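Next up: some structures, all given as structure tokens.
Each of the two complexes below includes chain A, the first together with chain B, the second together with chain C.
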Partner chain A sequence: MDPDRATTSGARPERCGWLSVRTTLSMRTAAEGPADELADAPSYLNVTGSELVFVLIGVITLGAALLCVTSRNVVRAALWLVVTLGGLAGLYLVLTAELVAIVQILIYVGAVVVLLLFGLMVTRAPIGRQPDLNTTNRPVAIVVAVAAFGLLVAALIDAFRFAYLDLHIAGQGSPETIGSALFGSWVLAFEVLSVLLLAALIGAIAVTRRDVGAQGRR
Partner chain B sequence: MHLLYPLIVSAGLFSIGVYGLLARRNVVLVLMSVELMLAAVSLNLVAFDVWLADVLRSGQVLTLMVIAIAAAEVGLGLAIILQLFRQRATSAIDDLDTLREPR
Partner chain C sequence: MNDAVMIGIKVVGVLAAFLTLPLLVGQLEHKAMAHMQGRLGPMYAGGFHGWAQLVADGVKFVQKEAVIPTAADANVFRLAPAVALLPYLLVLVVIPLGPGTVAEALDAGLFFALAVTGVGVVGMLMAAWASANKYSLLGGLRGAAQLLAYELPFVLAAASVAMAAGTLSLVGIVEAWTPWWLLWQAPAMVIFFVAGMAEIRRPPFDMPLADSELVFGYLTEYGGLRFAFMLLAEYVGIVVVCALTTVLFLGGWRGPFLSEDLGPLWTVLKIFALSFLVIWARVAYPRLREDQLQRLAWQGLVPIALGQLVLTGVVVSVNS
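What follows is the complex of A and B.
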């Protein structure tokens, strides 16, 4: 399909619906070099304030994630996970996704990490340093992770070199906008999600009950 | 902001999650690595949502759903880990090799 015709004769105006016209533009950019519409994206050399803040929080997040997967102390690993997820909430804030940042802190830092700490306690994980927290295939894991990172970064740079985020559209991620989208267009998915949560809850209770097996044998 | 910044941070988080998933021995730590990978996906979703300036806000709404599903996943995963610990008295994945070929 000719991308030019898609942009001019497409019935959808820009910024409408999930497959915006900009996607077509960026595909063409990746394939044939910079297009005129995107050539005015600022260079990587003049760093804006939000980019600087993003990089700083991103470095903290990645460092905490690295400490989380390499720490020899299980409880410290869980606490580094708190730092990672909190930093991620900061990244969401820089990306103007306020509601997602708040929910991230409430659910992940408030609930998921506490659940994980409970999990460490019920499996009687030793509190101090442990020498054998890694399996013997650690070198393979390093190779796979580095290869995945290199491949992803190469593909992303090739595809999205000229993509530029506009962070100045007001109210993009405000609770009002997301709430009206969630309870308007996405209300069916929301209801299905609540049923899924109920199923997971019942499933967790059914799996951990002690007396189910005994009743079955009787 | 260039889209590459969030994408590269997200790729880094995902790769760190892959490393943790493959290298860790404790089941709870493996679950934590899965959380890292899910978080990387969420960052991608939010970045692309802001880039496309979607009126339906599909990326951010999907991120909220991924967060809820991650909570459900951790709840169920911990139930399974708890039952495993009761039956096998271990939380190391290396010891759970009943499905492998006999050596």
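What follows is the complex of A and C.
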């Protein structure tokens, strides 16, 4: 690894996640070298209870996600999505990010999936298998999915390869910590996202209410 | 060992509350509704004023055959009552009954309660779709539309309290509560209570069930024990919404006197007073039509909740 690259990837966690805002977090990065990391973090062979739970929930989440995309029935697929999103919340919880876990449930299970199910039931919700669920775009979709997966995995490994999160430090995922990080270091990103959501909201209204303008002209 | 005993006591306590409070509310509903309508209500089961009527109902439900319609999606149909019921059990875990009397005092308890109550709706949608019945499906659609409309004022009203108290912890909110909140948080309290009633689909917000139009909405195909669980979910829902209103707006275990000693008693008293209001609303108001229901949420509750949020923000920042 050349030295320039090492420093950039070493500096990255300082900029790219709320996790790294707290100084109490023991983030070990490539800049400090794998040798330091191995001295500090427990070995992969020495599995703790929470690591075991993490892997188990991860397997459940992955299985539910696979069932979600392979299910022959749209409503069942949406219900598997509930399990997947719940499993993700469980993973956050194991990582002591309790607020993120609760928000995951509140927004995704409580609102997004309910909206999804509502949409499905209004339009098309037959019981049983649906033979016409596969699109002709399947090969393209596979290529895009594999490419996106590869990109995400590569980016994550590059950024957090030697990152180690000590789960015994209390309060690192508490509302207070996340709140002060969100409205301190990340307030600009927060505001930009708010504007984006507002634009999407107005766009949705403009798309659905085109009839209002037409009536006015008449 | 000591920890294990404490956890055991807590689990038993939450389960006891989960199994008895809804029955008490149900019995209160039987009797209060009957007397408001000039009837006596159940008088025979158990002897004294029919106190065992709901136990007898439970025994009856257990004996019934569990019917699953041929066209139904059997697995989803079976799972739906559990998904509808369990979230409320989880919410009871974080609700403080008295000072120090809480099964699990979460840092983000308020958020947890709001998030988990929302999950129960997935159970209703599962029941609605899996029944393979058009009345059930229509009921489910109405229920989903209702939840999407009322979730927003529900969360906004709760956010107002969280801002006023400066914490998301339910215990912290009760500790920060002062009698003044009854005045300047009153709009939020009314919104929270009304939206909560809509969220658990109690009359006058029972369009999803609407027995005069949709047979029995998403419960049409249910019978026996599964139907009993669905009904239980409704009554636990009443307890949860009333308990949350008590904790957030009425000062939880804080009473006019002896708050420290009689704490849990005050909480339970307030919960039952609010439950009585829920029952009273069922007798007093006709069912809202779908368009009235949506208008009340989007044009009534949401703007008032936003106004309350602004007021709370101003007061909090002036005070600090």
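By definition in this document, the second predicted complex is superposed on the first by the 135 of 218 C-alpha atoms of A that agree within 3 Å, B and C clash if a C-alpha of one lies under 4 Å from a C-alpha of the other, contacts with A are read in each partner's own complex, and residues count from 1 in each chain.
As a working rule, contacts are C-beta pairs under 8 Å (C-beta built on N, C-alpha and C of every residue); 3 or more make two chains touch, one makes a residue touch a chain.
Note that the structure is predicted; figures quoted are calculated from it, not measured.
Q: Classify the contacts of A:P175 with the two partner chains as first (chain B alone), second (chain C alone), both, or neither.
A: Second partner only.
Q: Of the partners chain B and chain C, which touch A:F118 in the superposed model: first, second, both, neither?
A: both
Q: More residues of chain A are touched by which chain, chain B or chain C?
A: Ranking chain B and chain C by residues of chain A touched puts B first.
Q: In the overlay, answer first, second, both or neither for which of chain B and chain C A:V75 touches.
A: Touch status of A:V75: second partner only.
Q: Which holds for A:L99: it touches chain B only (first), chain C only (second), both, or neither?
A: It touches chain B and chain C both.
Q: Go through the superposed model and pick first if A:V109 touches only chain B, second if only chain C, both, or neither.
A: In the superposition, A:V109 contacts chain C only.
Q: Could you list which residues of chain A make contact with chain B in one structure and with chain C in the other?
A: 99, 103, 111, 115, 118, 122, 125
Q: Could you pull out which chain A residues touch chain C in their complex?
A: So the residues of chain A touching chain C come out as 73, 75-76, 79, 82, 98-99, 102-103, 105-106, 109-111, 113-115, 117-118, 121-122, 125, 127-128, 171, 174-176.
Q: Which of the residues in chain A end up touching chain B in this complex?
A: So the residues of chain A touching chain B come out as 15-18, 20, 22-23, 41-42, 44, 48, 50-51, 54-55, 58, 61-62, 65-66, 68-69, 74, 77-78, 81, 84-85, 88, 91-92, 94-97, 99-100, 103-104, 107-108, 111-112, 115-116, 118-120, 122-125, 132-135, 137-138, 140-142, 144-146, 148-149, 152-153, 156-157, 160-161, 163-167, 169, 172-173, 177-178, 181-182, 185-186, 189-190, 193, 196-197, 200-201, 203-205, 207-208.
Q: Flag every residue of chain B that touches chain A in the complex, lowest number first.
A: Against chain A, chain B makes touches at 1-9, 11-29, 31-33, 35-36, 39, 42-43, 46-47, 49-58, 60-61, 63-65, 67-83, 85, 91, 93-94.
Q: Using the touch rule from the top, collect the residues of chain C that touch chain A in their complex.
A: 71-73, 76, 106-108, 111-112, 114-116, 118-119, 121-122, 125-126, 128-130, 132, 137, 140-141, 144-145, 147-148, 151, 155, 168
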